[in-house]
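The chains carry the letters A, B, C and D, assigned in the order they are written, with residues numbered from 1 in each.
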Amino acid sequence: MDFLKDPLKVAADWLLGIFAGWGMPELWANVLIGFLGIFILVALLMVLDIFLVWIERKVVSRFQSRIGPNRVGPFGLIQPFADIIKLLIKEDTTPEGADRVLYNLAPILSMMSVLILWAVVPLAPSILGVDLNIGVLYIIAAGAIGTLSIIMAGWSSNNKYSLIGAFREAAVMLSFEIPMLTVMLIPTIFTGSMGIGAITQAQDTWFVFLAPLAAVIFLIAAIAELGRSPFDMGEAESELISGYNIEYSGMKFGMFYAGELLHAFTFGGFWAILFFGGYRFFGLEQVSAFLAIAILFFKAFIGYWIIMWIKYTLLRIRIDHMLAFNWKFLTPVAFVLLMATAFMNALLADASNWLYIGGMFLSNVLVAWISLEVARSASRRERERVEGGKAVEAHQ
Amino acid sequence: MSTETIIWLIPLPPALAFFLIVLFTNRNKALSHTIAIGAALLSWLGSMIVFARALGVEHFGEHPFESSINWLPLAGSWFKIGVLVDPLTALTLFFVAWTVLMIFIYSVGYHNFGQPEGDHDQKGLPPHGATVEEHGNKHVVPSVEPMYSRFFAFIGLFAFGMFTLVVSDNLLTLFIGWEIMGLCSYLLIGFWHGKKSARDAAVKAFLTTRVGDVFMLLGIAYLYSVTGTLSFREIFTETTLHALQLIPSGVLGFSTAGLIGLLLFIGTVGKSAQFPLHVWLPDAMEGPTPVSAMIHAATMVSAGVYTVIRMFPLLSLDAQTMSVVAFIGAFTALFAATIALAQNDIKRVLAYSTISQLGFMIAALGIGAYIAAIFHLITHAFFKALLFLGSGSVIHGMEHGVLHTGNHKVDPQDMFNMGGLKSKMPITFWTFLIGGFALSGFPIVTAGFWSKDEILADAFAHNLPVFITLAIAAFLTAFYTMRQITLTFLGEPRTEEASHAHETPWTMTFPLLVLSVLAIGYGWLGIPEDFPILGGLLPNWLHEFAGATLAHHPEAGEFHPVPLLTSFIVALGGLALGYLMYRNVNSSAEDKLQFGFLKNKYYVDEIYEAVFIKPVTWFADKAVYQIMDKGFIDGILHLFGPGTQGIGDAIRNYFDLPFINRFLGDGSANVTYFSGEKLRVIQTGRIQQYLMLALILFIAIGAVLYFFVFA
Amino acid sequence: MTIDQIIFLVVAVATLIAAFRVVTTGNLIHAAFWLIAALFGVAAIFAILHASFLAVVQVVVYIGAISILFIFAVMLTRKDMRDQGPQLNRNWGFGAFLAALALVGLVFLVHGWSGVTKTAPAFPSEFDAVSALGNALVSPDAYVLPFEVASVLLVAALVGAVYVAYNRK
Amino acid sequence: MVPLSWYLIFSAILFSIGLFGVLSRRNLVAILLGIELMLNSVNVNLAAFWRYGTVTNITGQVFAIIVFAVAAAEVSVGLALVISVYRKRNTVIADEIDMLKF
């Protein structure tokens, strides 16, 4: 039973016993076990990544009324392996005039920025890489490394398109970090801690009921952070051919690609953790650690599916519109929401649970409604200015 | 909110309105009057809440609402200021709030809000009317007051002063409110400062009341020096009062209490326009009519009487003071009533009647009729505000006629130019009639009857000469009131202007209606218990309530038929006589009562001119200006001038020019120039070189400090 | 040497090498990336010091924002991608001398200070540095005023930077 | 344990390297890079003094946070100035921007 409850500890104790038997000092043994854990987690994630490719392709084809991969293996399940083999045996080109070190470093950093995120993901009540008390900031910090990898890739490729793509992507990521960090502070307010584990523990009521608007803003910012459509500024096939990764081929491109998919899944997971209770589901997580992991992954897959849904439904937004949307709408709304939440939190500190939830929910709805009204009137004025009075009438 | 908090807040809205209007909204007329009326409404609301809560308190006189805070630190203790609402204050708040609110509303209509700007109106003069073109016809309509917002700011400040005075629990804040009102009355009487008469009236009012105020301040200072406190509740304790009564003051045989009371009373004489300081009140009619109603009928002069009533426990300690008070009150009542007989200006008649009625109250206090004085104070505030506002309405209607005919020589305030307005201005007529009957003491129905009857009854019981004087005054009151009504409203129009007058807008008539209800209804609260027939119907609520203010509850007087009959006779007789005498009078020449000495107010102004003003002017001109200022002070200055100039020249020529200019001035410039020329090469414009230089110096200085200074 | 010391030395040496490359490398883009490496090193030093908040903020602010800004600026201020001419000015020798002098002075001062041999006190078990820092930043008894002034400074810098760099055409 | 002096020496060296960069680089952006190094060395000192002083007294970290804010402001304004200068003068070499001279 212990193994079902807390497999990590059981396994660690078991390994420690073995290593001690070999006469290894306890300190070294612990370090070794830590590295082993990291290795296992990363390996599992990479396997997951392979299947994400398959899922993505299947889902997109269903969106587009196709069947998708169906030749290799049952339901095309072996297809991603075929893809990998193709990528592995492709020629690994490096353009002339490229900055070799940075050029080769970029895909690694890209992958790394995703993988280090999993260090703070609470997979189950007892399975948590590092319980950082600043987990929320850590997510942003990892995003900063992702930005870095894109800049590196864009610059070192010695290609205009890739540089432009990298600039755009960096601008977008820097900009959307702000509303993202701001709304991530809202679960922090509810919890009183920035630790991801603590945030999950605190969600007796899913935070999405307390802060629906924050969840929406987080999703939008996350999509922008991922560089997925409709915010895929960095790639923008029709304008920049393929943006920052234009010059990459073979497994290096594969790492960007896999990194992007895993990133999307990871943010689906963070969405679930921050707003949908993480591994919690009516006490089921207490039954077994594996059940908790399953719940978390199920939620993360739903988040991932929503991200895909948006990606394959909406068109790309122009870069200036997108930045304006962030700076003139999303960021102010996030700030206002943060202030409103802090205010309500102080106001309802001693209120009953239901009153607290109701007050929070209503304040969110109110902020959303007001900001939409303001945005609507502003955009109407803008449209009148740009198109003149008659054009507006024609629109209506 | 607790009642105490509300009381603290009552005076505040008008003051805020004053600042808001003066600082921000004075360009927007509608906003300004909205703010002012809103403020008045808030104060009204607060007053009504306080009043209602006061009614609900058992033995309110012993447990008034009071609250105080530390204000000025004194050696070892604090001077406290605070608020106090006892029955007297509650009643005063009631009528002040009502009249203030009504007057504010009335002012909107009076200043022609909503009418166009005048053709050639200018600030400081009353509006002259504007020409509008309608369907091709040009005609003249009233124009809006050019200083509209300023007016509302001033009356807002005024209301602040009045509320402060009423709710304060000590003489000092009372005096502050008192002085704010003095300032406001100056500003408002001189509101149309383009008119010389208005300017003069403003200065006169200010200076005359100042005479009273100085004595009042002396009284306050004396009181403080004797008792060490100015708080009413602390002064009116048995021990303090007893002490005040026993210590002789050393002046004319007055006790300390008597002398202080007398000094405070002189303040009231100035504020409430009692003889001999009454001269300012009729002249103050130069101000806009709402001001006349506010200052000179409902509130400010009431403040004087209120203060005397407030200090009654002190005053009543000394019989000598009381007789002075009674004498001045009774004399003023009669004196002013006689002057009112011969006045032709509709507002001046009311002004003298105000003086006369205030005399009634003072006389009532002088004979110890405390409750009667309160009662008359309240009823008088209502019906006198009503009469003033009514007269303003009449004047407004007449001005309308003047604008219609275009004959600006016709004085719209002269009663002999009116007549027959009853059918033109029905609402004004009926409300004015109610007010006039209340003033006359028309039996049973009106509030004025009950209060005046109570004064007469008390006077009959205590002091017969006063009773007779007041009875005559009451008779004259009824007479000149009916004269006024007859000349103004009855008969046929005597001028074309009068025949073109018409009713004023609802903002003016609505306050009239409200006030006329109060002018009638308020009297029913104070019917004596043993009055025939009516006595038992309603309990004498006012007596119970107001009497509780004093430590010793005053007994209701025995009913006696003589004063009652007197009241009936003087009121009805005066009214009848007035109507009979004036129903056929068509011009001032036909008026048999236009005696010179009455017309000229017994030459009091002239006497003052000769006795006080002329000598002072002469002294100021001759002694102070010619000899002291011009001869002596200017002479000294003329002596200084050339001497200083000589010294200055010397310093300039022998020190400034050679030493400072040449040596220091030019020399330093040359040195700077030369050194700059040499040093400028190190300014390379290269930031890193500067930084290196700074770093070298930093390291060098650090090393020197480390090794030599701190070592 | 304990593990702590070894880790510290490795990180410190790597950081210093990166920093040295920042000031000597000819390629400015490389300099910017070397700066990123050096800043990572400093973040690691913060982590060794148990200043976890500072470490993460170092990554977010310096690497996530400031370095990217540097890279942008480097790219915006050049007509082509190559660097021309020497990257050190004529007085670099004197500059190196002054920097060395400053180092000597600082080391001398550090050496002469009595508190230099101090070792770190045990980290209190129930002490949460992040919440303590948060409370200190917004507590009126502590540092709310500098915190607000810093906020104002940031806003002023934001507006000023936009104004200065705005291309009026 | 790592002695305090190691941190201090480390930050002194980092500071001197930054100082050298500030004094010797020709490019304005590179000068700013040097300034960043100097600021970082200060932060290391602040954090080290916090850790080695009274840990419950958070002043050192607060100062470091303020330094972060100042650094961010400095860089944004500094780079804006550099870009502005580059637009006007078409150079970012510090020695060539010397209009403010005799």
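Keep this in mind: a contact is a pair of C-beta atoms (placed from the backbone, for glycine too) under 8 Å apart; a residue touches a chain by one contact, two chains touch by 3 or more.
In this text the structure is predicted, and so the values were computed from the model without any measurement.
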| item | value |
| --- | --- |
| Between A-C and C-D, the pair joined by more C-beta contacts | C-D |
| Longest centre-to-centre distance from chain D, chain (CA-based) | B |
| Middle chain, criterion being Cα centroid separation | B |
| Inter-centroid spacing, chain D versus chain A (mean Cα positions, whole Å) | 33 |
| Cα-centroid distance, chain C relative to chain D, in whole angstrom | 6 |
| Gap in Å, rounded to a whole number, between the CA centres of chain C and chain A | 28 |
| Chain B and chain D, separation of their C-alpha mean positions in angstrom | 71 |
| Residues of chain B engaged with two or more neighbouring chains | 688, 692, 695 |
| Residue numbers of chain C (touch at least two other chains) | 53, 57, 65, 72, 89, 91, 94-95, 98, 102 |
| Touching two or more other chains - residue numbers and ranges from chain D | 19, 23-24, 94-95 |
| Pairs of chains found to touch, sorted by chain label | A-C, B-C, B-D, C-D |
| For the chain C and chain D complex, residues of the former touching the latter | 2, 4-5, 8, 12, 15-16, 19-20, 22-23, 28, 31-32, 35, 38-39, 42, 45-46, 48-51, 53-54, 57-58, 61-62, 65-66, 69-70, 72-74, 76-77, 85-92, 94-96, 98-100, 102-103, 106-107, 110, 115-121, 123-124, 127, 129, 132-133, 136-137, 142-143, 146-147, 150-151, 153-154, 156-158, 160-162, 164-165, 167 |
| Chain A residues touching chain C - in the complex, by the definition given at the top | 27, 99, 102, 132-134, 137-138, 140-141, 143-145, 147-148, 151-152, 155, 158, 163, 167, 170, 174, 177, 193-194 |
| Complex contacts: residues of chain B adjacent to chain D | 680-681, 683-688, 691-692, 695 |
| List of chain C residues in touch with chain B within their complex | 89, 91, 94-95, 98, 101-102, 105, 109 |
| Interface residues, chain D side, partner chain B - complex | 19, 22-24, 31, 94-95, 97-102 |
